[in-house]
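First the structure, then my questions, so here it is.
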Amino acid sequence: MRTLGTCDEIGALYDLLVIGAGPAGMSAATRASKSGATVLLADENPGLGGQIYRGITSTPVQNRDLLGESYWKGAGIAEAFTASSSDYIARCTVWSVERAGKEGQDSFIANLTSKGRTVTVEAKQVILATGALERPFAVPGWTLPGVMTAGAAQIAMKSSGLVPAGPTVVAGSGPLLYLVATQLKAAGANIVAILETGALRDIARGLRHLPEFLTSPYFGYGLRLLMKAQRDFSIMRGVSDLRIEGEDRASAVRFSIKGRERSIKCDTVLLHHGVIPNINMANALGCAQHWSQEQQAWLPTVDENFQSTIPGLAIAGDGSAIAGADSAAVKGAIAAVAALDRLGMRSGDTNVEDARLRRDLARYSRGRAFLDYIYSPSRDYVVPRHDDTIVCRCEEVTAGQIRQTIRELDVRGPNQLKAYLRCGMGPCQGRLCGPTVTAVMADARGESPETIGHYRNRIPVKPITVGELAQSPQSESAIKAVVRG
Amino acid sequence: MDQDFCVIGGGLVGAAVAFGLVRAGKRVTVLDEGDIAFRASRANFALIWVQSKGLALPPYAVWTQTSARRWKELSDVLLRETEIDVGLNQNGGFTLCLSDAEVLKRTSKLEKFFASPGGFVFPYEVLDQAEVRRRLPDVGDSVVGAIYSPLDGHANALKLLRAFHLYIVRNGGRYLPAAAVEKIVPKNGGGFSVFSQRGEVQAQNIVLAAGLGNKALGQFVDLNCPVRPSKGQIIVTEKTEPFLDNAMVTIRQTDEGGVMIGDSQEEKGFDTQVVDPRILSVMAERAVGMFPRLAGLNVVRTWSALRVMSPDTFPIYDESSSAPGAFSTMCHSGVTLAAAHALELAPALAGDGKLPQLLSAFSAERFNVPKN
Amino acid sequence: MYRRIDEKLLQSHQTPVLSYTFDGRAMTGMLGETVAASLLRNGVVATRTTPVSGAPRAPYCMMGVCFECLVVIDGIGNRQGCLTPLEDGMTIESQRGKRRLVEAVRK
């Protein structure tokens, strides 16, 4: 691996551009470079690992019992990538990717910005491995200092060796809740309660997928985790009407359980009810996407090689559908192999490798349907019930304002709503409000999320400065389009 | 006929006209498209611009200035009626020039206009570099001069649109989205049946305000609407402390704090999703040349939309001669002309049922294209 | 609101200590920490106030998607603290409201 310090060190042309340094991205880059492809892996974070393996090459948490073996699996992936011939640039934002080739010829032009400099890179193939983010958990008070996602606490631990200092409540649904609580407790955090907000409906669906889960790689691990959590924590189930209270910071959670109101004092509240693909880049680049009822999320539409609807551009890992780190690594490899095939760079007996990859993918897919089921967020938290709940954190638009506008103006979709209320116009570019807006609209209108739709994203896919934008290439026709008369 | 007017198109033009009609006590239904539609209004740069307007068509200068003069009135009515402050600022606007040649070209155009018969005078000043710097301390070295007009300004286009829509629905008008119009049938003896995705509307009069959609719709009522899409892109930055009160023709700071940077023009057909980074780069570079401090601001989003462009760039207003009561309205200055549409055009339609006399200069007949 | 895990538990290697200021207060951090993590460890509660209502906010996602961890670093505002590695001698300030403009050009 050749670590590039600045954009100016980036080459002009690569066979493959990989965006994102999590398990999918690293695996894709490693595999492609193994067959001689020139590869650039660009990532906006300071180090390798994405989120699941955050800090894998630098974590101060060297005691392997704290983060557990599933985390340390990432070390092998990072080592393999580091040993590869890929170029790697950190703290680099890829903010646009366009198809440039003629019909039938894969060629892309990407704009990258890092530390104030912008360069353009040409790549024959592109793999987006931009991963997932936590499903927004909009409850009253969720914007108070002291409230974070469970994943954020995990990141603070992995990258900087930190734990919440005071009494901490963990709330939400899904296995990650238990994992995070367990890791934090082992590291010395004071987890005063785990509040389960899930309400598993459609038991038939759960039962249908249960047998496969029982024979999946997730079962044993999950079971041990759950049993340990039962012993170690005060767990409250069926928590409804969760609210976070405090003046300028979180100081307590209040909720209903079994018909009674309760409150728990705390300094830190960690929220989690599942992760969803981060679709902004795929959307802005023009990839088609569809609504998944099972994952309660928008997923980019990909084929069995994770090719998107833009030929030569693949989307691997949790960015295409949530399936976990092990699956992400395999998906990255599959996407890389497909890219190599499109480049005509794979030789030897490809059947053996293809079969192995598909077997691995199948192994890590087993049990995911059941996990999707138990990860299902409770509807009451996907659609905020309290009108004063902030939905768009950036522009501070509340659920009540959204519902009132929908009522008065018969708003049909999130884009018109954005024009009326500004939700989605902030720097997060709709990442933290989009899912809630779609859910609120679907609920208010009695329509499916698929019908409601989603924000239309455009480049730059992450904010860059006007000056950085001005450094990107221009053209005769572009100048003519602007400097007129 | 249960409706007096059916306004087809709920953008800034249709909404302004419908607002005025509802205010005049008429029964009005507005038919609008769904969430994904061309919607030029969503990407309006929101200038209220007088300078340089109508140099080749004096009635346009008159119409524009009429609107600019009545904009405060419109803003006050909307604030009173909907409690929405549409962010009106009419403290003057600048066209910044990056070369002496540019200053010369613009100035001679203006002088020629004023010298011509029918040239409608508006106040303006030609500023040299020193004067520009005095009035706009943040301006960059590459700005060598500017044309300033005290009548120019800007507003918040999205708040304006929302205010119009809310006024309409709260005062007895109907606003129906996801109701794209498929067919219009003039009835014998007057009136029209308008067939949309949400059913039929029967109205004594119709106003085609569907922007680019007017081209096809006009054919039902013998109205020539020769408009084509002119693609434009806009850059919007994060919110920053107020530093720019006046609008520049391609840069303005909104009432929310973000800075909008325009503008581009391309013949690119009907695509609005794809934003061309090369054009963004040129716009960004020029903006930094005009105000160097913009270089450090983060770009949070970009827009791209299709201007409703007539062959000579001026608005089109018409009434069908074979189907009287069918009107067409098209322009690409929906904010500048909002007051004229709301407070002049709409009352004229509501009153004697005719377009204001001044607008006869804007008939599509000026293109001498045979009607279909 | 955050603290470093007990060193004996961490079994970490020695990490160089860095010095910086936050809103004029002297603070220390560790090499490898992000700005956001270090501020949290130093007991900072709110790292910004919003440009819309002035409400206090603090890091939420720690992975660069929420834009809550915005702080002023060496005069440049609205920098994502969770994506910025801490450096010795940094001058960090809370991001109060809208972005100020009289600033150095970003390196």
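Per-chain residue numbering starts at 1, and chain names A, B and C are given in the order in which the chains are listed.
Heads up, the rule we're going with is that a contact is a pair of C-beta atoms (placed from the backbone, for glycine too) under 8 Å apart; a residue touches a chain by one contact, two chains touch by 3 or more.
What you see is a predicted model, and the numbers here were worked out from it, not measured in a lab.
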Nearest-to-centre chain - CA centroid comparison: A
B-C compared against A-B, more contacting pairs: A-B
Separation of mean Cα positions, subunit C and subunit A [Å, integer]: 23
Cα-centroid distance, subunit B relative to subunit C, in whole angstrom: 44
Separation of mean Cα positions, subunit B and subunit A [Å, integer]: 40
Residues of subunit C touching at least two other chains: 52, 78, 105-106
Where subunit B touches two or more other chains at once, by residue number: 238, 295-298
For subunit A, residues that touch 2 or more chains besides their own: 426-427, 465, 467
Subunit A contact footprint on subunit B (complex, rising order): 34-36, 39, 42, 105, 158, 161-162, 165-166, 169-170, 175-178, 235-238, 256, 261, 263-266, 273-288, 294-304
For the subunit A and subunit B complex, residues of the former touching the latter: 96, 98, 111, 286, 408-416, 419-420, 422, 425-427, 429, 453, 456, 458-460, 463-467, 469-475, 477-479, 481-485
Contact footprint of subunit B on subunit C as seen in their complex: 51-52, 76, 78, 97-103, 105-106
Footprint of subunit C on subunit B - complex, ascending: 238-241, 243, 257, 293, 295-298
Complex contacts: residues of subunit A adjacent to subunit C: 44-46, 51, 54-55, 58, 60-63, 66, 91, 115-116, 133-134, 143-149, 151-153, 155-157, 159-166, 187-188, 248-249, 267-268, 278, 393-396, 426-428, 431-432, 462, 465, 467
